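In what follows, a structure is listed as structure tokens, so that the remarks can point back to it.
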Amino acid sequence: MPTILGQNQYGKAENRLVKVVRDGDTHHIKDLSVSVALSGDLDEVHYSGSNAHVLPTDTAKNTVYAFAKEHGIASAEAFGLLLARHFVESTEPIQRARIRVEEYAWERIAPGAGEHAHSFVRTGRETRLAQITYDGEGFEVLSGLKDLTVMNTTASEFWGYIKDRYTTLREDYDRILATSVTSWWRHSWDGGAAQPETEPETGRETEPEPDWDACYARTREHLLRAFADTYSLSLQQTLYQMGSRVLESRAELDEIRFSMPNKHHFQQDLSFCGIENQAKDGAVYHAADRPYGLIEATVLRDGARARIPVDLTNL
Amino acid sequence: MPTILGQNQYGKAENRLVKVVRDGDTHHIKDLSVSVALSGDLDEVHYSGSNAHVLPTDTAKNTVYAFAKEHGIASAEAFGLLLARHFVESTEPIQRARIRVEEYAWERIAPGAGEHAHSFVRTGRETRLAQITYDGEGFEVLSGLKDLTVMNTTASEFWGYIKDRYTTLREDYDRILATSVTSWWRHSWDGGAAQPETEPETGRETEPEPDWDACYARTREHLLRAFADTYSLSLQQTLYQMGSRVLESRAELDEIRFSMPNKHHFQQDLSFCGIENQAKDGAVYHAADRPYGLIEATVLRDGARARIPVDLTNL
Amino acid sequence: MPTILGQNQYGKAENRLVKVVRDGDTHHIKDLSVSVALSGDLDEVHYSGSNAHVLPTDTAKNTVYAFAKEHGIASAEAFGLLLARHFVESTEPIQRARIRVEEYAWERIAPGAGEHAHSFVRTGRETRLAQITYDGEGFEVLSGLKDLTVMNTTASEFWGYIKDRYTTLREDYDRILATSVTSWWRHSWDGGAAQPETEPETGRETEPEPDWDACYARTREHLLRAFADTYSLSLQQTLYQMGSRVLESRAELDEIRFSMPNKHHFQQDLSFCGIENQAKDGAVYHAADRPYGLIEATVLRDGARARIPVDLTNL
Amino acid sequence: MPTILGQNQYGKAENRLVKVVRDGDTHHIKDLSVSVALSGDLDEVHYSGSNAHVLPTDTAKNTVYAFAKEHGIASAEAFGLLLARHFVESTEPIQRARIRVEEYAWERIAPGAGEHAHSFVRTGRETRLAQITYDGEGFEVLSGLKDLTVMNTTASEFWGYIKDRYTTLREDYDRILATSVTSWWRHSWDGGAAQPETEPETGRETEPEPDWDACYARTREHLLRAFADTYSLSLQQTLYQMGSRVLESRAELDEIRFSMPNKHHFQQDLSFCGIENQAKDGAVYHAADRPYGLIEATVLRDGARARIPVDLTNL
């Protein structure tokens, strides 16, 4: 046979799931999109079409809903851990499961005195992300976010760059810096896989799960504050400050990767009609769509191994 | 000539504009998309291609940016009023101008003690809308919003409907009610056009502009609270409650129109694996994309004439 | 009661439907999105939540699928006529039904000698549109299309326009003209409603349905050819030529409306690096996203009444 | 320093470029989106904000347009090769350049007798993709496509799969198989990097560039025909057939990867109203949006090393 099968996986993507928890009259909700990808001993389904080793993607979908009801959704990460382990441990040919979760944020209508117990409005803020991979030995847990759109209206410069035949850009000492952050960060926690010899009896129990929700909230806060606090000479510098702030503040994280478009805001030239439009006086900007700068980088704890894929956006 | 020209208009759409106002070290921003549509004595450009009566759309774009710098942006509506009047009064063949504005909301990073003076994060909440039309006589001002996504996890029923040969739906006494509200409301204010005879000297000055921002904030709040407060027997009933609450509370508004998709959340049947999934215990739902119910209606102050277009979404 | 209900309608939107017809081994497909909007005696569902007059939108969905199987889909328009009449005639409180259809085009894989009898590839060309309205008396049939994207790389000029304080645009004697056509056209056919007195016995039968598919194919062809044939001094002139060509060629149509964005292609200035970039030599252009010119107009057969809504895009 | 910089790259994404070539009165067009990503000696811009090694993304944009005019666009791949080499060879700190190209297809209006020499309509068919990477030693060239949407209305079965507690799916012996293909394939051609020692004098010239356009056209054709020809027992089987057909037919390719959503078409159950809806008679299907199956795999020439990233869609 002149051709062979390489890496492969399959599953059900974008299971849209809302779970309501009733605590007396007070309701709580989780609003998720859950994607399952499975791999293992699956050569034959590719070579001959035999489905003997295939758990249908329809079953994966049913499992997601059933697990949400049976086990609840403590957090995006905790739910992913349950699902990933289930698929590998319950289905013999499946040797690896990857669960990706998107979570959409809602808040109560009229918080405060008139707060409603079962009425919600979607906030529209960034989408929370989680990816859990299990291979029968240990877990890899990534958390992240996308569409966190931020802007500094000053405290950003760009100058001192290479000029060549094709350079027309003018140096700028007071520009808008805006981006829409996509970021993934990796937890060192692996469910205990790393130390099987040293504590053979207790196994995974020696490493309790981190508080995923608290970690997310703090990381988000660090990202925002680092973006705001950095007097920026380049978007790369801001990115690195955001990454290092997160790793320095969250000991449980080893690595963080960013994909940050430079959402250009061009100062409109109004001199044609005699109007000065200077940043120092408060200016008018054209918010451009395309093309856009795109800055991507990983920040690592010294000694850690980079494991987050380099391509966070479409190939 | 067997064919003639009917209604026509032209202009520049989606001018993406960010305006920074500096108040010492504290910055304020407006983030808008502004669309201009002009009509008037424009037959010849259609019949012969003569542009003698055409103000180029590129000039409309320049005007939007120049006005933002020269006059500032007090609010979406106030900015639209300035632009609409300008195009009609400054360009002889233009007899009518319609300005549409979308406004995107931002909030400061780290509000409270650590609040940043020039750093912002986009909230992602609903998009604010405004449409100002001026015909040389008076103004018509519509305000509105889109993508205000809300959910009640209980207090919603649906039963007692017509059954025919094609009906399979089961009656439901405890369902999720969710929608994404698009709404436009019309202000009675017209800049004084209505009473030119009674107060000839003072003209428009007799009718100061309403406080557009306050009106928007209150209307949004009424919409949310009415959605939350209504024990719903149908989405139509909820819609009507939302509209009448707004008109009863805001004397300056005469009419409000809604386009509200019923974002179906189907209770997942898990009986196949022996799991009960009852609303009363907190259930798991499948959030469906398509098809969706679509409920559209106008609510009017008694005696008012309906003027908001019926079609808020694409024809 | 200080507020009253105005125009209202409800239904199920975007029922995604694929119908296969087997003609021996040769299969044919229709791929549609069907949206139903119903109105009538529906005050009570808004005022009190009584659903006694409500045919559920879920039933509307079921009806669409059942009709596709029972009656087939001769064309988008013919299918819409069947559905619109059904809802009005079978459900007492429903007095008006509007059916909108989007149709997606597919072609056979490997046409010619190796043509496959049941294998298709989506063409991705424009989306065909139809809207049928029935009020118990007569029909109104609109047909149309969207996303028909066309470009002339020459034979387009723009000059002789108004200049004011805000004008910077240079006159251009050789520019790219590109647009993405959205258009609706109205058939004079109304199912016989217009002449009930003159031919009371025969009624609708006196007016057989037009050949909707042929009309669509020819109208599309006229639009393309008129766009290509017109030496353009403005996009408005091109639009009018397209409309009048259609009405002059298709006697069964009375009116056509267009919404045509001017998809700007800006000649890139490369003089900074000593490169000439002239249209006459074949130039490089930047295809811009936003803002864009937007040209909208109706062309009417002389004497016809305009009935297509002015707003083809979102309010 | 407790944190360090990992993999990083930056550039200008989605430069939207249209190039016209005039051949007498006959015009030809290329319509591309070009994205540039550069890496190299860029630590300092991250650590300190020094831009001394940074070629601005604005310059990258200018270069794309200038190269299109100076060198023309023989094909997506050939254009990418020129750009990739330029950035690495002309800018000392840049050691690696990756150029991604999307190409949109147009055809002449009214082909045949009435063919227009400078008028085009966008076909809307799949988007062609190319990615060229250069590291100063050799090239890696990937070609591909996305949004190639195909459907078999029969000759597809799915049965014999694993059943567990969560399985409800019924086996199906005659189903619709539809997918939207995203695929990348890798050329063995590397510009001569592989044999520098054996032919030191001639270098890259010993390996002329393949005919990229012909390769694309044939590969697309093989994908379509393999999809159509395969009697499918699973989408995985169809995928493998598509991949092996391509590799067996195109000796210049070593590897191909697919991401293929299973676009579910569910046979509508109409038994509730007494209508049979059987595949064998031509059935009505509901085309579902989400969730969807997602099948991803690589097919390799035996002995080749897999180098195409596993994740073709967003992480």
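Each chain carries a letter (A, B, C and D) given by its place in the written order, and its residues are counted from 1.
The working rule: a contact is a pair of C-beta atoms (placed from the backbone, for glycine too) under 8 Å apart; a residue touches a chain by one contact, two chains touch by 3 or more.
The UniProt protein names, listed by chain, are A, B, C, D = Uricase.
Just so we're clear, the structure is a prediction, and the values are computed from it rather than from any experiment.
Starting from the defined contact criterion, work out which chains touch chain B (Uricase) and chain D (Uricase) both, please.
A, C
Return the chain pair with more inter-chain C-beta contacts, choosing between A-C and A-D.
The greater number of contacts lies at A-D.
Suppose chain centres are the mean of their C-alpha atoms. Which chain sits farthest from chain A (Uricase)?
C
Compute the distance, rounded to whole Å, between the mean C-alpha positions of chain A (Uricase) and chain B (Uricase).
Going by mean C-alpha positions, chain A (Uricase) sits 32 Å from chain B (Uricase).
List the centre-to-centre spacing of chain A (Uricase) and chain D (Uricase) in whole Å, with centres computed as mean CA coordinates.
Once rounded, the distance between the two centres reads 24 Å.
Could you please state the distance in Å, as a whole number, between where the Cα atoms of chain A (Uricase) are centred and where those of chain C (Uricase) are centred?
Here chain A (Uricase) and chain C (Uricase) have centroids separated by 40 Å.
For chain C (Uricase), what residues touch not just one other chain but two or more?
Counting only residues that touch two or more other chains, chain C (Uricase) contributes 15-16, 62, 66, 166, 168, 272-273, 289-290.
Between the chains shown, work out who touches whom and classify the graph as line, ring, star, complete or other.
Its topology is that of a complete graph.
Would you pull the chain D (Uricase) residues touching chain A (Uricase) in the complex into a rising list?
Residue list for chain D (Uricase) touching chain A (Uricase): 1-16, 33, 35, 37, 42, 45-59, 61-63, 66, 90-91, 93, 100, 131, 158-164, 166-169, 184, 232-234, 236-237, 239-240, 243-244, 247-248, 255, 257, 261-262, 290-302, 306, 309-315.
Enumerate the contact residues on chain D (Uricase) facing chain B (Uricase) in the complex.
The contact residues of chain D (Uricase) facing chain B (Uricase) are 165-166, 168, 272-273, 289-290.
Can you check the complex and tell me which residues of chain A (Uricase) touch chain B (Uricase)?
16-22, 27, 29, 31, 62, 65-66, 68-70, 106, 109-110, 114, 116, 118-126, 147-155, 176, 221, 224-225, 227-229, 265, 268, 270, 272-273, 275, 277, 279-289
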